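In the two complexes below, chain A is the common chain; its partner is chain B in one and chain C in the other.
And then the complex of A and B:
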């Protein structure tokens, strides 16, 4: 069915259960269309938006994003409680949480900028620096490490010609190590943007990267 | 009176109010359980895990800073188990600590040093390299050495809870976590950040002003009162080689608790200024000034005074002078022939209130004894920057007395029309040129005395420095003159001077130095139980926080 020969057991063929093509499941980012305004308020803060049309200089919380921010606020008893989804929204817009974003979020939520900095640096899923179009997070925790995660990291770095935590020259790939991705049954697990690639070996790395490169922009 | 709870700590029966923590209760038997994150003026997160004690019946060691006492509890702070737990925790504290005590400003007053010496292992077992943060300028007077930090977050909580300007936070996580501000936005613009240096149990937050100036063990500590505003914060003057090196707050829950403002903390250099008046100077007829002994100078002064026809007095006092000095001045003015005494004092535009302890503020009156001068019937004149207002004194033809006011804004012919012009000051001044007698006096750091703060609390201070040359406290000089004029014996000690004053001024209500103690008493409350002294510190802080 697919011309991408992964041995990933995540795709079990078309069972008729889901109305999704393999391409959508193996895709590099999102499944289906998700509106920028967040849809229903109940999901506005939690939907896994990542890196869609990010612009590091983009205006924060304007237009549809403003609408989504307001929906997020309705879901929490206090403004302070809405901090995490608001930071996630800022990261979706700009690709990372910059000092300016923290300052703006603090202003919107009546918090001190220092507090917002403390929170955003605590969580590893907020990128504090700009990352490439594809953020490659290789699990190097016990299970994956035993199955050669370090070599997978090396392979990603070599193939994209960059260093750990740095972005490749074409601006596409940033590779970092991640702690447990909760896929210990399928080591080595690699998370690329919001997608898992499981049972990854160093030999497969070029294929994955070429596949992603072929997908190009959103 | 709160309900009392009886418990046993290290074999001693202790009875404390309900709700007291074990750590505070243990202070009653002079046992200080080691701790970092706990501070009586802040909330207790129980995150340093150092104050672990053994409680009979509890399955695990308990953090004594948050465990409240219960009836019949049996606590062992020094048992093998408790010591073992604390020893383990201390070893972890040293995993990344640089042990740069020889170049650390905190060395000698560091809780980590003390506790490791007391309860820690002799040798560390860590072989891994230590992680390194380096140092960071937090702005204001604060320098941060990240490697020395024990992450007790006292500073973060002080800024959140007491100053209520959340500009410090814990950044990052795990062993990379570190205290920081919002990027380059430092502590500038906050008025109480010097306190984070005081409450830092280790050398992570140090004062730039004090950096490398002295070793803690070389400093003498003298209880005093801050002279920078009328709040009257209790302080310790830390001195060495007859110089004040820094000012630290002294705990007094009725006035300043554990805190003081940066304005007062850094305003001490004036006590060290040299170029002092060191001997009485008597002006001859041809205008030259000659240094004389006290005996000769005062005899000369009295002789000149007795020859005068117009003995009405115009006096300029200073709100930086002690109650004793001002009282002696008032006596002398009366003995000469009566007259008006005025004083000038700078006024700030607004109060800077410490939000988490609102009875503490940098007051608008920037002198310590404005209230005291007022109680003695002295009149405040001049502008808010303490200039002008002396027209009636400058050209007075009788006796002019100046006490402690440097008259920096006055011309050289100030007092030149006076029959007798007496200038008592610490430094010479252009406006003192016409003075017939210039008498050297001491600053409050060099004498014993009292100030009356904005709410009427009379507080004692003690001499921290040696007075230069022949300088003497003003109350002693003025008292001696008064004694010559009236024939009564003058005061020989500051205590006598204050007792006399307190008899004469009904507002003081007969207070004595014994009544004042080290923490002062509000004028007119002799015999009444006031304030929160005596209550456990934690409970009082709780009450103060509301």
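And then the complex of A and C:
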């Protein structure tokens, strides 16, 4: 609704600019590609992305991922504290956190499987079942809602021909409502995998969908 | 630099470099005087740092408005066990979008504030608990911390001062309640983010059972400026009890939504009419939530006499909270918006206290019944009575946050509710979360 006349150099691009690469959107090569091994240990726990390419059977915590897991462990006085970042790591690899992944994490951190199940289900960002290549989360909380977020949800569902919380037939899109994404001044805010799209209107939804379809992987 | 809108009424302290991607680079930050305050703080000693922050009158920017220097002074003076500084970057109060901007535009300002805070409370490890959805902010911050380590501003013997302070960026996983300080501590420890009973307070038993202090991003961002320029300098803005500047996150039906840094005590009507360019489409103002969704709604008459500081908001029966100003024009369906907020709290209730778990779910159901045109006038009495039981009866204030919008909306906009009840027709399209 608001016609905000700015070029946002964050990953949160205006919807008209989604053809740009992440570097171009940022106008700056500040972050760039971060290494799978997690870089410096201080930030290793922040690495997990939500990727379009998911491997539900992928090996957990091997090679560079193992390295990242060990870096995370060094940052906390207890093993238990590594639980959240480790679950996120499992999700980055497999796209969701299955009961089997939870059990593996429990084993690694000397926790009981039931405890890990209890923690994982407390947090919304762990997908407890598989989602599409693109997880579309539309903020419908008050600030976005005032500016037409419900219509944006409807547009995503109509254009991908699916229902709320279900994955489209081609396996590409799962649309859900999200709680406030903290981009209230740029409504409607939509988070698609790891990236924010701001100032989204229903008219722009087809463009976004077609762009993501053409893009395929990440 | 404008981002995205700018107003000449602004006083920029923490938001000076919004919109400038170069500011994220450590070389630029240092060239512009960055880490000078940290050096100065190391020269002053912990007690003097706490005193200068006390003298500035800086109050916590996360919502509660507790004096920062006083909070720091609660920490044990002797370090017999590890102390922790926690930075609350789990911004998720609906209407608030300042911390994400502070992190992604000026990460070193936050890191420097954290380091000064850690030095003041004798902490050797800083955990920045950053909201999980903020992939971008997380990456920017992680990169900045990595740079700080590489240049000797973090880790062992910082700037040759002999001080060792580690920083870890911790990514959350999607739970509003982790923004509550003790919920955050539980979450950091790898538990469900359920708030703890206080006392003991964090300064005695905090993260990992050790003395801890937790501060909001914006609070810590103000600290380097206060240490550099002194407490009196910060007091040139704002009022006696609420000194300094504050980021106001304005969203909703205004022409120019965005973050504006203004002196505390700024008149709310001028914020809307002047700074934000007035109401969208020339519509009339109906209601404002001045402090994020957890505070009472005020009507146009109250807006006209509301000054935006901690005391000014209380004077009109609401709270400043985290200064997230949500503006609604006369096309707004108040019932629907309040229902949406209650749905949010019902979703985010951690479930450990019965009044909150049950109360938020039932409130949401009754609100939806009214919105769907199936409510009765007695429902309004039930809502008032039930939400009254949710105030002050739980471990944390999430429960109170359900009561605030519901009670204030029924008190101030009863005709909106009655219109739906009498029409027996739904208010419009609504989706379930």
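Just so it is clear, the second predicted complex is superposed on the first by the 185 of 218 C-alpha atoms of A that agree within 3 Å, B and C clash if a C-alpha of one lies under 4 Å from a C-alpha of the other, contacts with A are read in each partner's own complex, and residues count from 1 in each chain.
Everything below uses one rule, namely that contacts are C-beta pairs under 8 Å (C-beta built on N, C-alpha and C of every residue); 3 or more make two chains touch, one makes a residue touch a chain.
All figures in this text were calculated on a predicted structure; none of them were measured in a lab.
By the touch criterion defined above, A:130 lies against neither chain B nor chain C after alignment on the C-alpha atoms of chain A. Counted by residues of chain A touched, the larger count belongs to C, out of chain B and chain C. Contacts of A:122 after superposition: both chain B and chain C are touched. When the shared chain is aligned, chain C comes close enough to touch A:43, but chain B does not. Looking at the shared chain after the overlay, A:148 reaches neither chain B nor chain C. When the two structures are aligned on the shared chain, A:191 is found in touch with chain C, with no touch to chain B. By the touch criterion defined above, A:99 lies against chain B but remains apart from chain C after alignment on the C-alpha atoms of chain A.
When both complexes are overlaid on chain A, the residue A:88 reaches chain C alone and has no touch with chain B.
On chain A, the surface touched by chain B in one complex and the surface touched by chain C in the other have residues 118, 122, 124 in common. Per the touch definition, chain A reaches chain B in the complex via residues 99, 102-103, 111-115, 117-118, 121-122, 124.
Put simply, chain C touches chain A in their complex at residues 2-5, 19, 21-22, 24-25, 82, 91-97, 99-100, 104, 130-136, 138-143, 145-146, 149, 154, 166-176, 187-193, 208, 249-253, 255-259, 280, 289, 293, 324, 326, 328, 332, 336-337, 340-341, 344, 347-348, 350, 429-433. On the chain A side of its complex with chain C, the touching residues are 1-2, 4-6, 8-12, 26-28, 30-31, 34, 39-43, 45-50, 75-78, 80-85, 87-88, 109, 118-119, 122-126, 140-143, 145-147, 150, 153-154, 164, 177-187, 191, 194-196. Within the complex formed with chain A, the chain B residues making contact are 165-173, 180-183, 185.
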